[in-house]
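For reference, the structures are reproduced in the following blocks.
In the two complexes that follow, subunit A is the common piece, with subunit B as its partner first and subunit C second.
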Partner chain A sequence: MNVTSKFDIIVVGAGPAGCASAYLLAKAGFKVLVLERGRGAGSKELWGGKAYAQPLREVWPELDKEAPIHRWVSKERFSLVWGERALTIEYKLGRKVAFTTYLTELVNWMARKAENAGAIIVDEVRVDEIVVKEGRVLGVKSGGDTVYADAVIDAEGVNRLLLEKLGLVEKLNPDHIALGVKEVLSLNPNLIEERFMLGKDEGLAWFVTGDVTLGLPGGGFIYTMRDSISIGLVLPIGPAAKAAEAGLLKEHVSSLVEAFRLHPYFRNLWREADVIEYGGRMTIEAGLKLMPRKLYMNGLLVVGDAAGFLVNTGYTIRGVDTAVTSGKLAAEALIEAFNNGGPTEENLKSYEEKVKKSYIYRELKNHSSIGDVMSDPFFFQKLPQVAIRAASKLFEADYEEPKLIRSFLDAAREEDVSSLKIIYKLGRVVGKL
Partner chain B sequence: MSSQASRLKVIKLGELLQRSIWDVDEERHIEVLKQEGLRVKALILLCPMGCYSLAGDKLIMSYEGCVECGTCRVLSGSDQIRWEYPKSGRGIQYRYM
Partner chain C sequence: MRIAVGIKWVPNTQAVRFDPETGTLIRKGIPSIVNPHDLPAIEMALRLRDAVGGEVIAFTMAPPPAVKGLELALGMGVDRAILITDRVFAGADTLATSYVLANAISKVEREYGKVDLVVFGQETIDSSTAHIPGQVASWLDWPYVYYVKDIQVLGDGRIRVVRELEDYIEEYEIELPAVLGIAVRALKPRPVSLYNKLRAKLNKDTIVVWGNSELKLDPRCVGLKGSPTIVAKTIDMPEVPRKKEVYKPRDPRDAARWIVSKIVEDEKLRELLVKKLWGG
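Up next, the complex of A and B:
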């Protein structure tokens, strides 16, 4: 690392949160250094596929014109699948709220914005340690080199090696974290638009639950990109690991994703497609539980996934917009702190206050009970089975079709679940979703 | 079949890994230090890249195909697995994620 001068601010990690901070701080005239371990910003990024635009526009009003947007989400689908059968609900949106893209591309764009604003981005630098002396953060260490700054923004992501070393967070609990495994399937844009009934530049986001996860907690996702489709599974690590040890999960996780790609209900949507990339990453299940005891210390702020800022509502997941917003709040807090004598612990407290007043924290709190749903196997095994069986009674009758309520009661009985239990569980889940 | 032949088929994990790009570091960044007490079955089935396998009774970690997701780190103690990111830009190079 050939960086010898001192900086006002060092940002660790050129992801969405780090880039937002770096961009706003550089724009405000600060000397900002961003250290990124990947080769080029974005090369370590993996997500499902969609971002909510409005929080991003607050940082980059030019987003719609300039950002590498693939498709504006015009349809949201939800499916329960079991065996050969599937039950699907579709919602057609009335306006442009979220878009699909490759996060690798989007983050690269964010990094270029930060660079054009004056931030210095040095990639291929792995930060090994945040340097602290007498309770004050002085800079960061990479290999034998130390770079100094008045403040450090930790945007290291979900895997918090640095914060753990600092003692600011505990080691991750497998029950609070999920594994996402993804395939990217290349497909001609015309075929994507025909198959999913989309206009040009329109996209679809699809959440799938049922036996695509073999009934394990979690679900599948499908996002249409410009000329590819992203598919994958998200499995909370705690329950999946237990299932592996109990012999309930016998196959490798890549086989589950493959079964999803080859699933009779879905496969014809991408039958000509080739897998052009495969990968995985961890994602947050219980954001609030991941939040560090403090989001700041003398000379340090924590943003993005590192701070647990990912909202899982059960049917949508928001991580990139919350990351960008936290990066923005951190930049604002730092600018105020520098105007008030420096980034001391006392002056940076305002960051935590800003977060707690923002939609990030309200959303995390509002949806925190989704964890109870996500950890209850009932919603991933019995419920989809009963729903599918009830639907089969309605739609697969050769002669006599039962009334709706009878189809449900019979399905519950045949699946050996009490109808009251289902109603009770559904009543609870409706309150949590 | 027509010219738009179906490509739907089973792809072996080894072949699937060929679709992604790595710049493999010559030094390993993840290492099994102590197998005792490790959640071997979970590591083998959940590491998305299949980096963990058994050679007889011994757990082998092949770091070359690692995507640095951290799942094995979450499933183990720091005395069981040494876990670092690969250094200086090495490792997985995602393009379409």
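Up next, the complex of A and C:
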């Protein structure tokens, strides 16, 4: 084979979505080329830290044994913090549902699986253009070189410059995306287990809301890895930019993460830990709104973040399992299309149908109204303040403890919010979470 | 023409942090890169090949991750690459390094045919001794010119090289084979191309790995054992903390006076600078 010969399929982007497609297609015997701009698959990845295992097992049944799993999430925690006060709820899981790891490691493993199945992965090459002629995708172009294929899978992630060029999507709207900034703190595994009360190989996922974001929409996360802790903040860009313009957000987001690391309620958990890594990356806030006009065209399929397939529930971000699942559905649709005469527009329609029938689409629809919550400052300012004040009345009574309802009503009054409004807003949000 | 180009896999010193306690560089977790000053050497080799035909072979002595550096050279258009790697080569000073590299050139000649030219970068960003090219030339007993800016192939087994120094330009005509050190920024390196990367990926023999079982060198002459250099003294260079002040005088002479007065008046800064510049 030489460089000008045609591939069956070219995958742009070796993220979870691209690797899943490439693996399944190579395993089915297709000539697959994966192009990745980073050095090594996974090198450009940054996430919070928790992957749901079952959708991944559907592609790699050997996942539990082979994948670089750091810890199985055995505890989920939620905290509301305001000032020096905090309210925390913890749930202990009964089975292995999700695991923590570095996405870089996980994607690297997925890429090796694809390579071992026969896919060719070329890294440190950026695709500049998806080549289309008379409505049909012919291949991809990088610099002055064009490589041809019967079909292209676009797995380029959230910043979809290629799809923009094709006119399949609009420019990203700041209200539909968020910025994540994180730090990795290295700590001895024994200390992690002691401080978070975890067994060996057990992990914790923690969602934090309140004034860690200065009352802006968004929240903080904490994940325990094998020998490190990942902490960070995710801020929807639209409201954060408005707050910055209004002079309410004066610092760089990284200093908010630093304040989170130094927060008195949390900081002892990672005492003596070293910051070994920090970074930022964009993520999706409103998946459904990011969906391209069409998920397919003659010779092209769009998978993963590029297609908006990320479920943001307001307290967790699920993008990896949905990316993998969409990669799998794309591979299945392509295999069927090749068996039916080729990846024509007509034959690839089944991909969109598969997606619409899958849990991805149901989940996206299910959580789509979370956007109303995320854009309402009430939930990030007044509500946490009322809740913390109510808790302080319950737990910081020197002589007389008020009844639960009294503490709530008093807190609302003191914060100058009508209790009816709170009940109304909460009633609406419960239906949306 | 068969041209070999030596590259070094170095920690990206721009990303290296300094440990003020031990006075050493923290290399852990720092991404490595091809020594930037080697890129003009690769470019020079490729231009010569493109002009007169032949092949370019990139080689490096380094631990296995350096294969990523060779992939970059292949992406630029180098024809084949050799990774020289073995535990016994570890801990080498420049003498032991150049000994291995020179022997690798001899093996290249045995495997692929006569080498006409070996090109190197001017120096590395992590050690910058600029010893390697000259030492390799000595081991091979080939002529050596450094700070080379331009090369013309004369056709009768000779080349003309242009060497640019601070205030004059020299031209040499030398017989091949020869070793050249290419000047920093002599040429703008070409970007990596998809076809070149793909060609390297599709052809399994583009990268070969040679250890000492291939080179068969006396273990006493390589690695730590073959390194007579001793580090007599290291002076800890303190990091001068940055302070930002902006002063915008009309007359640049006022700016000079202002800077000097800053240094003279601030005792701590003065000491730090003296230590940094002259080691105390």
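FYI, the second predicted complex is superposed on the first by the 431 of 433 C-alpha atoms of A that agree within 3 Å, B and C clash if a C-alpha of one lies under 4 Å from a C-alpha of the other, contacts with A are read in each partner's own complex, and residues count from 1 in each chain.
As a convention for this text, a contact is a pair of C-beta atoms (placed from the backbone, for glycine too) under 8 Å apart; a residue touches a chain by one contact, two chains touch by 3 or more.
Everything numeric in this text was worked out from a predicted model, so none of it was measured.
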{"item": "First (subunit B), second (subunit C), both or neither touched by A:39", "value": "both"}
{"item": "Of subunit C and subunit B, partner touching more subunit A residues", "value": "B"}
{"item": "First, second, both or neither for A:144, with subunit B first and subunit C second", "value": "second"}
{"item": "Partner chain(s) touched by A:360 [first = subunit B, second = subunit C, both, neither]", "value": "neither"}
{"item": "Subunit B versus subunit C as contact partner of A:158, first or second or both or neither", "value": "first"}
{"item": "Partner chain(s) touched by A:241 [first = subunit B, second = subunit C, both, neither]", "value": "first"}
{"item": "Partner chain in contact with A:277 - subunit B first, subunit C second, else both or neither", "value": "both"}
{"item": "Which superposed partner A:212 touches (first subunit B, second subunit C, both, neither)", "value": "neither"}
{"item": "Partner chain(s) touched by A:307 [first = subunit B, second = subunit C, both, neither]", "value": "neither"}
{"item": "Touching partner for A:119 - first (subunit B), second (subunit C), both, neither", "value": "neither"}
{"item": "On subunit A, the residue positions that both subunit B and subunit C contact, one per complex", "value": "39, 123-125, 143, 276-277"}
{"item": "Contact footprint of subunit A on subunit B as seen in their complex", "value": "4-11, 13, 16-17, 19-20, 23, 39, 41-42, 44-50, 67-71, 73-75, 78, 83-89, 91-97"}
{"item": "Interfacial residue positions of subunit A with respect to subunit C in the complex", "value": "1-4, 33, 35, 39-40, 120-125, 142-145, 147, 276-277"}
{"item": "Subunit B-touching residues of subunit A, taken from the complex the two chains share", "value": "37-39, 42-47, 102-104, 123-126, 143, 158-159, 161, 171-174, 177, 179, 181-184, 225, 228, 230, 235, 237, 240-242, 244-245, 249-255, 258, 261-262, 267, 271-282"}
{"item": "Contact set on subunit C toward subunit A in their complex", "value": "29, 31, 68, 71-72, 75, 191-195, 197-199, 201-202"}
